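Each structure below appears as structure tokens.
Same chain, two partners: subunit A is paired with subunit B first, then with subunit C.
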Partner chain A sequence: MQKYIARRVLLFIPTLILASILIFGILRILPGDVALAILGQEAAEGGGGYTETQIRELRAELGLDDPLPIQYVKWAWSMVNGDFGGESIRSTEPLSSIIARRLPVTLQLTVYTVLLSIIVAVPLGVFSALYQDKWPDYVLRMGAILGQSMPNFWIALLLLLFMVTQIGWSPPLGYSNIWVDPFHHLQIMIWPALILAWRFSAYMTRITRSGMLEVLAQDYVRTAKAKGLGQQLVVRRHSLPNVLIPVITLGGLEVSTLLGGTVILENLFGIPGLGQEIVQASVGRDFPVVQSLAMMLVFFMLGLNLVVDIAYSYVDPRVRYS
Partner chain B sequence: MKIRERAFQALALLMSILALTMALAACTSDDEPDPTPTSAPDTQAPAATAAPSDSGDGAAPAPTPTAMMMEEKSRYGGIANFSTRADPPLGWDPMRSGSISVLMPAGSLFGMGNMIRQCPDDGTAVCPGVATEWSKNADGTAWTFTLRDNVYWHDGVKLTAADVKFWLELAVFGVTVGENSRRPVSWNFARWVESVEAPDDLTVVINLKSAVFDFDQLLAVDNQILAHPRHLMQPEIDAGNVNVSPLDVGLVALGPYYLEEYRPGSVAKMRRFDQYYKTDEDGNQLPYLDGIDFYITPDPSGMDTAFRTGRLDATARGSGFQLTPEREAAIFSTLGPERVTILEMAQSSFWALAFNTLREGPLQDVRVRQAIHLWLDRPELVQVTFGGFGKMTGMFDPDTAWANPGLMETPGWNPATKDADRQQAKTQLAEAGYPDGFEAEFMCRRLWGFVCEPLVGQLEDLGISIDLQLVDDATRAARTLEGSYDMVMSGPTLALPSQYGSITSSAGTSATADSKHNDTKVDDFFVRLASAGSVEERIEIAQEMERYIAVEQAYGAWLYTENTHTVVREYVKGIQVPIDNYRRNLDFATVWLDK
Partner chain C sequence: MAIEATAGGRSAFDQLVEEARPKRTLAQNLKRFARRKPAGAISAVVLILLALIALFAPVIATHDPIRDQVAAERLEAPSASHFMGTDNLGRDVFSRVVYGARISLQVGFLAISLGTVTGLVIGVLSGYLGGKLDLVVQRVVDVLMGFPFIILAMLLVVALGASLLNVGIALSVAIVPRVVRLSRSSTLSVKEEVYVLAAVTIGVSLLRMVLRHILPNTLGPVFVLATGALGGVIVAEAGLAFLGLGIPPPSPSWGGMLNIGARGYMEAAPWMVIFPGVALSAVVFTFALLGDALRDVLDPRLRRGDS
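This part shows the complex of A and B:
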């Protein structure tokens, strides 16, 4: 087991380095000089002209004078030593401080989504399988397909419009911590969490349903039924544990995409998480923020994959021997 | 059996991790304000009840704010909920950012302008700020300002001339400590300043490199805000933190409200500063409100929703946030027109199609440039581009004294003569040797695609085959330096002659100018403007310049300005609307809630 975990951790590191090179490289091959972009934007928006000296000074200030490998090493080292890429060009705030403030908010939204999804998706998946090809199954499958096919931001806009026009209400403004004002906090967070959970639970419902159908057709289930066990007991004790293996694996992998999915919804609902910061940084060409936050998201995605792999190997010992 | 048990254990483990993450997240994302909250002092400063209102100016009469909605009796109290589009960038530092994201909340915190400011109802006039009087010497090379004796920073420290000197020197010269340097600002007045003196606590003298007779106009621009407390910043600078920002020192400022709490990405809460130095016309202490909560709403849809349900009392200013006709109609449909007040403000930047006459081609011929000026149908462009929220302009706002009287009724602008103008445009194009038109590269900032595309349609109707090139800011800046385009969409052709530094950058002969030519007569106008001794003389020069650049030489086709629409609820009274420039900051000192 330890050998398997060590191997997976060793694989994790080169993947992370490769991803960091890609993120760094992509931002550097974007057309245009960042210093010119910043000064040009100021000039275009009424900030007056600029001189060659100002361009040179800004390049030096941003560290753009260094050769690319040096720039990369400096950035990579700052990601490791806790500086997370220095500071934001736009706000001048250290990235470590931005991440410390915003990451927990995004994680909270992700956790709410996952909890809501698990609570809803597993029972619905089982229910759908038990009523295969009957109307409850059709209704649930339709709901799942809708959840997977409709874009989050569109659902969010429709939801907001519905609330405004039909009940004259909208989520409150100004994010609050759950421990400071739980009711206010939930009024803001519940809507994006529900929207994200619809998509996420749709996916998990379908996995649960197909897994349950497969398990219900197994000989040992038929045997359990034949010896007189009730359906509830057959499902709960004999079927569901086996269904949960793929649900954990695939669901765990899907959690990583949730982190990316929060970007637009955080902006729309005014939630001060990483997603909102990435949008604002992208618009303002704040490349240290974009590259460091993108790297953070990659780190979390790879980390989740690692955790899922290890959890899977724990659940199914065959994995670590293969 | 073993597998099932392990599945349950793994699920439990996963749930535990998630729960732990949530708990950790909630613990670490405390609602602590970013800077240390400042509070209004109780005793250190006396209440400014005796301060004069916007009067006592030795240089310009204080205007009656016509745009103020003061017809009813104002009353104290209440917290207003306003929207702002983003966190103020660069540490809320007006020296480093002119973004509307700074300007929207900054006025209430920092106050308006500096020693002097633009008048609320007329941006071309100068009103008192923290100074009550100002004067120039005979040759226009030294300006003396007398400060009010009752101005306090939010932490109770009294403002002195040394504070203003510190602020001016920081802006004009920057600062260097060891290897760390802070760049000077690019404000227009800064280029003229040679030195600053503070002979006593209430007197500031600014010595200029050469005579500038309208220096007060250059200095009075509202966005040049005195927001840098010497007593808090100097120690930081001495320690090497040369780029210290107002946010770094807790946003201690001079405005009508102090910062109670700032949660980045969420809300900035301002509360009444009892020692604010201004009173209203009746001598009542300003501000009227107990406070303002500026909610950061980065998405316009989310902002509109909150306004429609009463969570916001006013919408934000800035690109994408000013209302479109469709969004305005949606708000009306929910609230009804009687529950909403529309604030209509002109953009500070006037759109122009700038020509490159240094590149070989048809645009070197003045007849071709004039033909384009004559051909373009501005009212139609305003309708298509801004849904009608705009108006035609020359180089200056036609509703100000600086514009040539009747210019909007002359060929090119006048809708009534458009058919004849277009016939003339065809004739001139033929006379120039291009009866069938020509090809041209049209560079346009990508964000301005919606502005450029309708123009392309009209230019192609004239027979000009346009290669529209939408580019990012970096490419635009680089190509502007190279001059590698035939025409370019130009935004910042500012309205006021006092901002000729910016006009120089877009219409003069500098390398960063959008219009490309070698006509030094254009630059001479700016020199003459700076050395003109009176407002009347400057107006005369401005009008001559407008006729020369926009009509005779047609180095650009001046088009229109966008009027921005922001909405407030009907019970929000007393907003001093900057009708001539939506980018000017507002201090909301006179705002009150009628509910």
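This part shows the complex of A and C:
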């Protein structure tokens, strides 16, 4: 077991390094010059021009005068020592403070989504399996297909549209910290969490359903039924525990796909998480922020996969030997 | 039965196989598909319609999607002259949705074809040649799969600059790792087949081996993946445009239209949000259905004794 964990953790480090090289490389294939792109954009917005000295100063400030490998090593080292690649070009806020401010928000949104999905998906999955190929099963499967084929920002817009025009209620503006004003915080977070959870619970319902179908066909379930146990007991004591383990681990692996949706919905609902920041930085060509935040997001995604993999190997020993 | 070679080089065995195989014309095949997979057939028809709409956009659209800006007709509700109302600049939403189909399909097909071809080349070579190349490719693919799809596309758009071509390229890169993984794994299983060994024995060249013997057997699943991914790519394009990172305005991209509509016009002009969104969802939904149907047809493992 320890050997397996050690191997996975050791593999994690080169993966991270490769990911950082890719991110760094992608942002350096920019045809032309980062400094020029930034100044050009600022000039276009402010209506003014820029001078040769400004370009040189910005290049020096961004460290663009160094050879690429040195730029990379400097940046990679700053990701490790907590500097996270310096500061934002536009607001001059240090990236460490941007991340400290915004990361918890994104994590909270993810946790709410996952909790909501589990609460909804597990009972629905069990229900769907018990009524396999009868109408409740079909209704649930249709709902899942709809949830998966409608883009989440479109669902979000429909929801907002419905609330604004039909109920005359819109989610409150501005964001509150959960520790300061939990009610206001939840009022804002609940909508993106619900929308993300629709798609996510569609996936979770499907794996719960198929896991449940598999377990219900087992001999020990037949034995339990044969000795006269009621449906409730068979499901709760003999089937569900065996289904939940793979559901939670497979669900854990899938959590990383939530990130894409989070990025879009944070922007739509004005939630100050990492996703909102990286989009604003991308639109404003704030390269240091884009680069470091992309790395953070990828780090979390890969880290989560690692944790889930290790957790899974506890549950299912076969994984360790493959 | 004795199998003798005939003058034309065709054995009696070949002839037997030929006779045993049911002869079907293309029309018959299509009919079969429609009967077995009604949902797939309907979605195929819808997509052909969509392609026609995109192709004949100038004929179908009642107004110019960009230049016809009538200040007096801003934010008008749907009517006989503007089927889907007008937007904040007085442009006809219907014409913009029609031209939007063009953009969605262009970006979608560009991204899918680029991504699939690149992915196939890398995947098949990596699987067939193995060794160090395979090792490197697999590590890079693993890492790229670890990137959230939209983040990878965003990074590339930021680096390349936003234009129809660049958005297509960015999204194609996001598909490549998936195609590589799939084509590599099917190459690995095909590689073990006896006919590949036979081809090696008679000294077939690498190019011929890959093109004639390996590639055809990996195409089916990749084709299914590509069809399914087309919907995802179209959503991703809309998502990027919605975030302000897609094809820049005034191009009538559905995502860009949703973006403008969502910024303060939701109450005054809900049609600015509803129609592009309906078009987008419908297209994605039909691609998903078609992908499902194709998977059942093209992947023999999933066939349930009905063929």
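Criterion: the second predicted complex is superposed on the first by the 318 of 322 C-alpha atoms of A that agree within 3 Å, B and C clash if a C-alpha of one lies under 4 Å from a C-alpha of the other, contacts with A are read in each partner's own complex, and residues count from 1 in each chain.
Please note the rule applied: a residue touches a chain if its C-beta (ideal position, glycine included) is under 8 Å from a C-beta of that chain, and two chains touch if they have at least 3 such contacts.
Note that the coordinates shown come from a computational prediction; the quantities given were computed from them, not determined experimentally.
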Taking subunit A as the common reference for superposition, should the pair subunit B and subunit C be classed as clashing or as fitting?
clash
Which holds for A:Q148: it touches subunit B only (first), subunit C only (second), both, or neither?
second
A:S176 in the overlay: touching subunit B, subunit C, both, or neither? Say first, second, both or neither.
first
Which holds for A:V289: it touches subunit B only (first), subunit C only (second), both, or neither?
neither
Touching A:M301, do we find subunit B (first), subunit C (second), both, or neither?
second
Thinking of the overlay built on chain A, is A:L157 touched by subunit B (first), by subunit C (second), by both, or by neither?
both
Kindly classify A:L244 by the partners it touches after superposition: subunit B alone (first), subunit C alone (second), both, or neither?
first
Considering only touches as defined above, state whether A:V234 meets subunit B (first), subunit C (second), both or neither.
neither
Who does A:R90 touch here: subunit B (first), subunit C (second), both, or neither?
first
Tell me the contact category for A:L268 with respect to subunit B and subunit C: first, second, both or neither.
both
Part of subunit C, among the options 9-17, 27-35 or 63-71, whose backbone runs into subunit B after overlay
63-71
Taking the contacts subunit A makes with subunit B in one complex and with subunit C in the other, which residues are shared?
31, 157, 160-161, 164-165, 267-268, 279, 285
Which of the residues in subunit A come into contact with subunit B in the complex?
31-34, 36-50, 54, 57, 90-93, 100-105, 107-108, 111-112, 114-115, 118, 157, 160-161, 163-165, 168-170, 172-180, 237, 241-242, 244-245, 248, 252, 267-273, 276-277, 279-280, 284-285, 307, 311-312, 314-316
Listed in rising order, subunit A residues that touch subunit C in their complex are 14-15, 18-19, 22-23, 26-31, 145-146, 148-151, 153-154, 157-158, 160-161, 164-165, 256-257, 259-260, 263-264, 267-268, 278-279, 282-283, 285, 287, 290, 294, 297-298, 301-302, 305
Which subunit C residues qualify as touching subunit A in the complex?
139-140, 142-144, 146-151, 154-161, 231, 235, 238-239, 242-245, 258, 261-262, 266-267, 270, 273-274, 277, 280-281, 284-285, 288
Spell out the residues on subunit B that touch subunit A in their complex, using ranges where they run on.
3-11, 13-15, 17-19, 21-22, 24-31, 81, 86-87, 89-91, 98-99, 181, 183, 186, 188, 243, 245, 263-267, 293, 295-299, 301-302, 305-306, 308-309, 311-312, 334, 348-349, 445, 472-478, 480, 491-492, 494, 501-502, 504-505, 510, 512-513, 583
